[in-house]
Amino acid sequence: ACSTVDDGSSISGKGASGSANCGSGDEQSAITAAVKGRTLKVGFAPPILSEFYTQVEKSAFNRMSELEECYGIKWEWARQGALNDAHSGVEAVGIVENFISNKFDAVFVCSAAAHATMQEIYKAGSEKGVDFYQFNSTEELENPSQADDPTAGLSTVSNIGYDDRWQSGYIAGQYLAKALQGEGQIVQILGPSGSDWTKLRQQGFEAAISEFPGMTIVGSADGGYVRDKGLTAAQDLLTKFPDIAAIYGENEDMALGASQAIDLAGLKHWDGTKGIITIGADGLISGMDSIRQDKLSATVDVNSVDMGRTMIDTLFQHEILGMTVAQFIQIPTVVIDKTNVDWAEAKIAASQAGSGKY
Amino acid sequence: MPSRPRSAGQVTRNAWERLLVDPTLGVISLLLIFALIAAFALPVFYAGNNIYNLVGTIITVMILSIGMTVVLISGGIDLSVGAVMALCAGVAATLIKMGAPLFLAFIAAILVGIAAGLVNGLLITRVGLPDFIATLAMMGFASGLLYIATQGVPVIGYMTDEYYVIGGLRPLFGPVTFPILVAVILALVVGWVLASTKLGTHFFAVGSNALAARQSGIPVRWVKTQAYVLSGTCAAIAGIILAGRNNNVPADLGTGYEIQAISAAIIGGASLMGGRGRVFGAVLGALTLALAINIINLAGVPSSYQKIVMGVILILAVIANYLSELARGATLRRQAKRLSSIAA
Amino acid sequence: MKHSSPFARIMSIPGMPMTVVLIVSVIVFQLLNPVFLDGRTVGNYLTNGIPILLLTLGVSIVIIGGGIDLSVGTVAGLSAGTTMFALVNGAPLAVGIAVGCGTGLLFGLVNGILVAYLRINDFIVTLATLNIAAGLLVVLSQVQPLQGVTVPGFSELTKGSVFGIPTSFFIAGVVFVIAHLLLAKTIVGRRLYATGISAPASNVAGVSVPHLRLFTFAASGLLAGIAGVLFASRLGAVQAFLGIGYEFIAIAGAVVGGITLAGGGGSVWAALVGGLFLATLQQGLRINNVDPVYFSIVTAVAIVFGVVFERQVRRVILRAALNRTALSTNDRGRSADQHMNERQPAERVAAVTAPEGSKNDAK
Amino acid sequence: MTYPAKPTSTRSLMLEVRDVTKHYEGVTALDHAGLSLGAGEIHALLGGNGAGKSTLISILSGVTKPDSGEIVLGGEMISVSGPLAAMSAGISTIYQELSLVPALSVLDNIYLGRELKRKTLGLPLTLDRRRMEADVRDLAADFGVTSSELRQPVSEFGALKKRSIEIIKALAFDTKVLILDEPTSGLEEAERRVLFSHMRSMRDRGVSLIWVTHHLEELFGLADKATVFKDGRTVGTVDIASTSVGDLIGLMFGAAQEEFGGGDTRKITHLEPSHKRRVVLSARNLSRGSAIRDVCLEVHEGEIVGLAGLAGAGRTEVVRLLMGLDARTAGTVELDGRRLSLRNSTAAYRAGIAMLPEDRKQLGILADLSTAQNISISRLSTVASAGFWMSRRKERALAEDYRRQLGIKTPNVEARIGNLSGGNQQKAIVARCLNTSPKLLIFDEPTQGIDVSAKVEVHALVRDYAANGGAAILIASEIEELLELSHRVLVMKKGQVVGEVRDIPAAIEAGDFSRIKSEVLTLSAAGQIS
């Protein structure tokens, strides 16, 4: 909430769809000259391999190929993810250290490891000439010293993420309040207890709901960020609270599990006026059909597409053009429901198509 | 002729004593305790279709634990069930998505499960790898294949009307869902195999005393291999069902299932030392695990305490088993006493 | 085995063939990417790997004694948490470390008492304590963020170095040497192996099996505690999920190194090389930028080949050694026999009809 | 009771083993060994421990593959590729080591691998336990196994009943060749007689039997021929009718019978009346539930007290209580006047009690440890410095000492004990006990499964121990052995002491052996509570 919003508009490029736009001829040749045919060696370290991070990665590939086409920059891309401990971050440390040993130019990290742990490694890496960018992290909310100095304690070039108050939890709450007109009982299905994302989303969601006295959160259960556990949790919550108006799934998979629980219990999905609302967060291509079919009422799209593109743009600006970039870059988000699912899906689909691999 | 005290064979056991010496007593008593707690503390436990949901929740673990019980009885362990289950789910889902008829996709998935079990069995009995290592490697191999095939993006878009039924999301007839039917049939068949067939006897023999089994002309390696094949088949069946229930197949679908399946089997009376185990016990063991989560959710235990409660419940489970062993011992002693007073 | 060559003798020590596998894999990775053995890289990956090696050691001790301990991972996580908690709240370094080690030891004792004296199945008991430790860490991390420790010396446990060698190497070295001496050279170690080979027979021979069981779990818990302290020092912050899943890596490392799950077999060295092999494999794939989707398959195949290779090496070498000793042992056996009895072989075979078979020579 | 052997010349050859060789790690178990077995003949296979008898048997039964050699059955050369092949060729075996599956019922064990099936859904899928039970019921009853016991898991039975089950298992099927590897070891007189009559009737039906035993006196009147093995080689074959125990021993060990004390094994130190001797052990009202009730027992310095009784009389259980291996429910035990805690076996060893257990394979040896390590395990402080630091040198020296003293035959005290022969394993366990310098030493079936020569040596060890002032309790199911060694015998039945026979050496000296023997037998079979 304390950052400059920068959507990377200073370099040209195609949008989510359409053919590459390399700027005017002069501009193109000048930037090409600045690139000098260089190859950037980039590391990409998501916390796990999942649909969301694949969407981010593919969007990045898309943008990379555009820049290559326009300005002749070459890319060397390496992905490394934790295998054993997605949530504790011990492996993340080793992964990032290896990127440093292999002398990468820049590394994108999204890690579950603690703020303090990672910043220290970034610092050591920066001294060896590796630039670090964080993405999809909760950085801006983590570091208390930023109240006075936004860059205090940070050793990254930039942090590309989204917030919308506590990692989308707040706007999910707002959406519910609006749809339900401030009345109704809600249950939450949470991610594994102890995760930062879980904590923040829950805080944001509860903050939004607390603004409406007619709305109460009556129960919550652990759905472990996966669908079948979400389904089980939702079933139990529906048994205990048969009269609820909405289920908030902290990620989309759990919300989809909840939606199945509603079907199994023979209850009705939200049709715009009645039924149970299910809302999640992520913006996954695999969830779009469910929104179209009214199975999932809504999801907060945290915009994997622009996250990926902006990551590459920011990298290009800083590494090639020597520009200063914002310490915190916030990607816009949107709540997708039946009204806007078509374009949202089209946008994601376009970013995933045809970009090849690096 | 009077028998020796401990064999205690001559006294016909009455129903109560039969119950007390039953090896599944521990898990049964635990289930009863849970049910009682639930009945008093959580009236909602019996509301609506809670128990029905609960069974639906655990069916995949239950199916896995049936296969696991056979592997444990034959003296092995299968860590690969979760990953193989996920791989088979992925195979079925992908084939259906590509337009294959359901039953062909299922046959393909089951073949994959059988193949995985066969490879496990051969690695263990022919190459001579320790069972732990072989199935650990298979776990990595199966989940690796699924990761490579999906690149971390779940398989979706394969659900058909029939598949909703197969996944148990719509009942088959009355309140009976397809997964429940499958689990019941599987439990009955495997239970029958163990109790009444040659192969079942051989599973026990191989796990309890492999040398004796070999000396009796039992093809020990082949019997062990069959146990793994059975476990792989169960994993495939569980995968087919879970793909339906889950509506998508992410690469990490099977994570943690192997521990649940092993726990269910052990709570149900199987032993890591081989030669012991019961299908009925494993089914009840799986139910116990589901019941624990159910009680936690219904009681509104804050999610940060759930793991602790789970741990305590597990300890209670084994202590219940322990107490039932004591009761069993006491009963046998009482019988012995009666026996010697008759004999005297 | 007196007559076997020194090489064969070395190879018949548990863990030695796997050492060969380990060395070969290090060479291969070094050839693929010269950064692999770069001082800093090696230092980092070993420092990261040491806590897990300690867990492998702990699990190995339990397994050698005939048990299994699934709780090591999350107990290490919880110990990291309690260490941090103590330090964050102003405890001096020594107290912080003691708290972490004490947490591990406490869990080990609880496991041990339940398993050894109440004779409850160790698999389930430690699965239960696995969950309890994980849950307690979640709760603890919600009480207070477990980071921001400035106690002098704490981060040096893993980040400092003495004579250019990272401090944690010394810690691990001391632990491993003590463990080795304990298992290989002391009365306790001998009783431990005996218990693992056969608990009932050891019991009859006067070994107090329950005490030893308790000891193994306590040792494993203590090692998990030390691992936790090192985790905390290394990470500088502890999160709620620390340690989950490490039990698998630890057990796999032990078994890959040649520690038999049935108990009574293996050594500290075997645990060390097994754990190092797994860590090296993962590091080798990472430093060569292999896409993680291939990791589990490559690891699976490598484990199978590593173990098969180990067995082959051992078998071939043992066979060669035995062929050489078989004759001599036999001769010695015979002569000892005769010497002992000082008796003449029976000459009075008058009533004896020797079977035809014995007259024929081998075909 | 003598049964003349049938003349051999009329019989055709049933089985011939030629030139079989088998090497194990570091050992040549069989060295061009041979054996010819006539049809309808009981053929004893004799030899000291480790002579290679069991190895030959496991080759014949397809469990082990020979390195070289031929097997000819009924005139045809056969290859015994596995146990199943052996069975279908008509070779059936009772193994030396119990080969029963504890988890299965007696019935399933008997039929293991040869199950009878009935049809389910038109296919022969289901086990036909009813038919199996009907078929085997009478045979089982002969060996004291009732119908209801047939349905119980084998794990619920003791060692002796297991042996009977094993015998039933081998007798239940028609075979051409029946191999029995020490079938009588530990069997009681009555069961032994049943077994012998079955063996005889099988021979009369034309079955050939290979019979391994260390009880040479059993052979006479039963076996037709004997082949003797030594060090893996065939020494020769003799007609039982024209030989004697002494001759056989001579063949087996290459020594005259006298050297084994074969003439008079009953040399036992005469003890002064017991009230003059110090009481070493005094157990009062020892009980364990209803299995052991009110056992009182005193052992004096230099005295060997025998425990007699039928199988399951509770002898082993009593000594397990003394060792603290099982928990007692009542009673006290004093050793040298001091009350024992009986908490666990460690306390027992520390207090000065040591035990040689009856089940050598399961409870005696630690198979994967070396002989030296097996000897030192019960009192490691004797081979340690500073009370905890193992000294390999001391351990070796200790083991070498005992090796010399007790005549343990092993190429190397650091070789795995599991590969030693039974007798030598047993001596190592005796060494282990002696190493704890016990005040009371318990021998539970000390000579089970060991050869005549080792038996004599073990007997000598027991005697020496007592002669040097040690107190001993001896359990032996062979009544002769028990009487030969004990000063005094307590007879147990159903967990209680039902009688006592005193002054045994004097009685034997007076030529009253058969009187006291029948006294003990009567007491253990029918004795009333005294």
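General observations
Each chain carries a letter (A, B, C and D) given by its place in the written order, and its residues are counted from 1.
Keep this in mind: a contact is a pair of C-beta atoms (placed from the backbone, for glycine too) under 8 Å apart; a residue touches a chain by one contact, two chains touch by 3 or more.
The shown structure was predicted, so the numbers you read here are calculated from the model rather than taken from an experiment.
Chains C-D form the pair joined by the most contacting C-beta pairs. One finds 41 Å separating the Cα centroids of chain A and chain C. The mean-CA centres of chain A and chain D are about 74 angstrom from one another, to the nearest whole unit. Shown for chain C are the residues in touch with two or more other chains, namely 138, 142, 248, 292-293, 295-296. Looking at chain D, one finds that none of its residues touch two or more other chains. Within chain A, the positions touching two or more other chains are listed as 49, 192-194. In this structure, the chains touch in the following pairs: A-B, A-C, B-C, B-D, C-D.
Those residues of chain A that touch chain C in the complex are listed here as 49, 78-81, 83-85, 87-90, 93-95, 97-98, 101-102, 112-117, 120, 192-196.
Within the complex formed with chain A, the residues of chain C that make contact are 33, 35, 38, 40-41, 44-45, 48, 77, 137-138, 141-142, 147-148, 231, 234-246, 248-249, 282-283, 286-287, 289, 291-293, 295-296. Of all the residues in chain B, the ones that touch chain C in their complex are 123, 127-130, 132-134, 136-141, 143-145, 147-148, 151-152, 259, 262-263, 266-267, 271-272, 304-315, 317-319, 321-322.
Across the complex, chain B is touched by residues 48-51, 53-54, 190, 192-194, 219-222, 226-228, 231-233, 235-237, 239-240, 242, 253, 256-257, 260, 263-265, 286, 289 of chain A.
By the touch criterion given at the top, residues 44, 47-50, 53, 56-57, 147, 151-154, 156-157, 169, 242, 245-248, 250-252, 293-294, 297-298, 300, 302-304, 306 of chain B touch chain A in their complex.
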